[in-house]
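Next, two complexes with chain A in common: one pairs it with chain B, the other with chain C.
The block that comes next holds the complex of A and B.
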């Protein structure tokens, strides 16, 4: 792989990664949100795969394949199973912030990400580090999704996006954390999403829905 | 000796495996108690064996020094008290139909896993492994918080998992940034996250990236330690969890999360100076104290009251860490140990009160001292410790923290903290008196106290008295731990 192809593929992956986050803010249908999350997982896995091929690093390619299986296949499947079958459960209810405002906020957060990541790029101005604002933007957008959505499942999606953003940052700036930490962290995320999926099931049975506005028993 | 390092992790895991195979029964719950006790015993043996030494195990992924030994003592002590009391608590829950055999089995497996995760967190040399262990505590405790499967328990679990996972994810981002800085400071990729390597390279870490990472780590681990701004899960989770788990979460888990912050602080202070995290800790510490004290004033639920008292204490610990002197850190560690034991006393007692009244409202509970001298007296001792009354250890620790703050030139922080502690004091006294003293309301139900709960409570009171009267050999351990963190004034 030449330097130019490497740069091109890396930037394409980072761009697709950010685009998936923006589309998740735009969409309300839970099934398409989960599908977008799978696309985001593919874009994420492309980063270590590209770097692994470019640097002839077999370990990184293996990590990339694991990331692909976990974040583009396993976790979205888990979430898709948790999406209810009742019609009322398949869409995000009226959002706290309307779509236009949400997209404007998303743009603002992306600019903020460029400002926040300046010290990182200053320390190591390599092609991969230059893509890190996209990863940080996804982190900020994920937090925004978590605070502005009302379905339990949307919060789980926000959490996974947050995690994708952090993983992308790690791959872009350090070619991934040490293997033992990467494995442990992936296992933790898998369990956390499993727990969230189980909890949505319990909630639907107990509350008859997953609108988080119903969570108002514990106050003060 | 290096196998001793793994006992605190392996023993609870073995107990969990046994509980998974055999289910909840006297044998498995006793083995869990033995595992918790083995955490304490191995910590004591390690501390007698040249306590200033730093030991490493398994590819340098794990380490012990005076600080991790101190934390193991806290985990072992509170873990033993809580697992002993679990025997009677779960049997009573089964008898009342609040849980079923499946729930009891799950409890039997998750509690030792929770202990093992906390032990791994304080033994980790690699701060990435430390992060994995702390996130594992969230996963292990999720279904413990939701043990009763009621609406309130479910709501508490959801908030707990979502808020703590987001918080801890930010801590992971901070860890990644430290790794990035460490690689650029010349560390090799395999061990760039090891505490000893980070300390050795600290002076060459890029200040701007380190500050960004440190801020994220403060927010992230602060979420697990019950500090502002991600504190909103704490009262819900601690009040809905089964009493022995509340004791573990309030008494140990919060301080284990804060331990992670202390470890990170020792590196960050060397890299960017003490000012950065000092300012951060003072802000979150004082805000946490403020919120805890105000919510204590209006509290009508006794388990939530105890949870906010934990928040208040973590705020105080954060302020002490901001001072960062040797005296402050040693006092902080004594405070953490005394707080752990006190919270075991009050939470275990509150579990029996909740079982008797089927309510956690302060107004439903009257005349406890007259109705059950065992629960009443031990609850009173627990409250006295939390109030910082002599002869108990938190009197000494709060006094030393005050002296340390004054000595570090943080007089205004001391003033603000003292004011808020006094507010919390008044609220605890008022609510405590309402529940414990005076004649019981007519028709109050009998308070049952299982033998195992009494045993844990009496042991806790004895330990508190001993710790209050003489810190003994622990003082040297705390001081060594403080110098490990670089507090050398």
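The block that comes next holds the complex of A and C.
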């Protein structure tokens, strides 16, 4: 793999990673949000895979394959099962902030991410650190999604996006965390999603919906 | 830019004549594609030309109380569009007007036409005209930042907002087309061009339903030759904008700054094929989508603004240092 191809693929992966986050903010259908999360997982896995192939590092390639299986296949499947089948449950109908404002806030967060990561890029300007702002922007967007959505599932998607962003930042800055740490973190996320899926199902059975705003009052 | 040769000037002239002649055919072709896909026979590709001929023969009626604004607006729209057709590198790169206007200039000319029609809609003093103008100017105000940002993103690789420089930079380095910045700028620009030319899902060009029309509401009071001019100009706007996006992102086949006769012919055929393909795709996609509710249009345009912003950040920050 030449330097130019490496740069191109890395930039494309980082761009697709950020674009998936933006589209998750844009879309309302929970099913397409989960599908976009799978695409984001593919873009995330492409980062360690590219670096592994470029640097001939077998451990990074293994990490990349694990990330691909977990974040592009397993977790979206689990989340897709948790999407309700009732008509009222399939859309994020009324987010706390309307979509137009959300998109503009996302634009602001992206600029903020570029501003705050400048010192990190200045430390070691390489193609991979140059893509760090994209990963950092995804972290900020994910936090915004978590606080502005009402449905339990879209908040779970926000959580997954946050984790994707942190993982991407780690891959881009440190050229990969040790294999065992990455596996531990991935396992953590898997369990978190399993628990979230169970809780969502339980909530739906008990209260008939997953609108978290309705659950603020104690009921006895 | 280099000095313009006689043949380059000929190419520019040919470009303007081709846009004038082909715009009604393009509109007719898109209507025909749509009709066939919906299972109707359709009026044929030449129908808009027949409509124009009919309108040009009719009597000119000016509504009572309208001023010179109403009278001149069709000429301003048509004039700015023709000027854009002369500036854009559609057939060849070396237009005589090329040094005078960059992509920002083209966007300005485009909005000059929009504003002229909007003022004409207000000038009639009718409820529909005012409503259409209000909607059109809302959309235009939302479209403009996106266009400026997308243009900015596109001019980063070529280090110039000059159209010929951008097009030749893309033709020399086709690898730049798959960069995130270029792809995002393409999507953003496609959305704003759809909004600016009043196609689905922003505006339905084939409806005269009071509640939904935008462009048609503004020109409701026009009749006869002036209506013909407005219709013609809106077809030409669609043609030049499709040609612009085609050559910004797929510049192959365009003649150089000092073209031969053969290169001009190849350029003409290439741009015709590209515009026809884009128009066919646009008409086909329009079958499958419904018009957006007016209050959700800002959402679409905010999305395209964000894409354009990401395009700028991607081209600017991911850009590998030149060493």
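The rule is simple: the second predicted complex is superposed on the first by the 217 of 220 C-alpha atoms of A that agree within 3 Å, B and C clash if a C-alpha of one lies under 4 Å from a C-alpha of the other, contacts with A are read in each partner's own complex, and residues count from 1 in each chain.
FYI, a residue touches a chain if its C-beta (ideal position, glycine included) is under 8 Å from a C-beta of that chain, and two chains touch if they have at least 3 such contacts.
Small disclaimer: the values here were computed from a predicted structure and weren't measured.
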For this session: Sticking to the clash and touch definitions up top, decide whether chain B and chain C on chain A clash or fit.
Result: fit
For this session: Please indicate which partner A:184 is in contact with in the superposed arrangement: first for chain B, second for chain C, both, or neither.
Result: first
For this session: For A:7, select first, second, both or neither according to whether it touches chain B, chain C, the two together, or no partner.
Result: second
Exercise. At the Cα centre of chain A, what angle separates the centres of chain B and chain C, to the nearest 10 degrees?
Worked result: 150
Exercise. Regarding the shared-chain residue A:169, is it in contact with chain B (first), chain C (second), both, or neither?
Worked result: first
Problem set entry | Which partner reaches more residues of chain A (counting touched residues only), chain B or chain C | B
Seminar exercise, completed: Closest CA approach of chain B to chain C after superposing, in angstrom, is 20
Seminar exercise, completed: The intersection of the chain A residues contacting chain B with those contacting chain C is none
Exercise. Which chain C residues qualify as touching chain A in the complex?
Worked result: 175, 178-181, 183-184, 298-299, 302-303, 305-307, 309-310, 313-314, 317-318, 320-321
Problem set entry | Touching residues (chain side chain B, partner chain A) in the complex | 61, 126, 128-129, 131-132, 135-136, 138-139, 142-143, 146, 149, 151-152, 154-159, 161-162, 165-166, 169, 172-173, 175-177, 179-181, 183-184, 189-190, 192-193, 206, 208-209, 211-212, 235-236, 239-240, 295, 298-300, 304
For this session: Using the touch rule from the top, collect the residues of chain A that touch chain B in their complex.
Result: 116, 119-120, 122-124, 139, 143, 146, 152, 155, 159, 162-163, 166, 169-170, 173-174, 177-178, 180-181, 184-185, 187-188, 191-192, 195-196, 199, 202-203, 206-207, 212, 215, 217-218, 220
Problem set entry | Residues of chain A touching chain C in the complex | 7-8, 11-12, 14-16, 18-19, 22, 26, 98-100, 103-104, 106-107, 110-111, 114, 125, 127, 130-131, 133
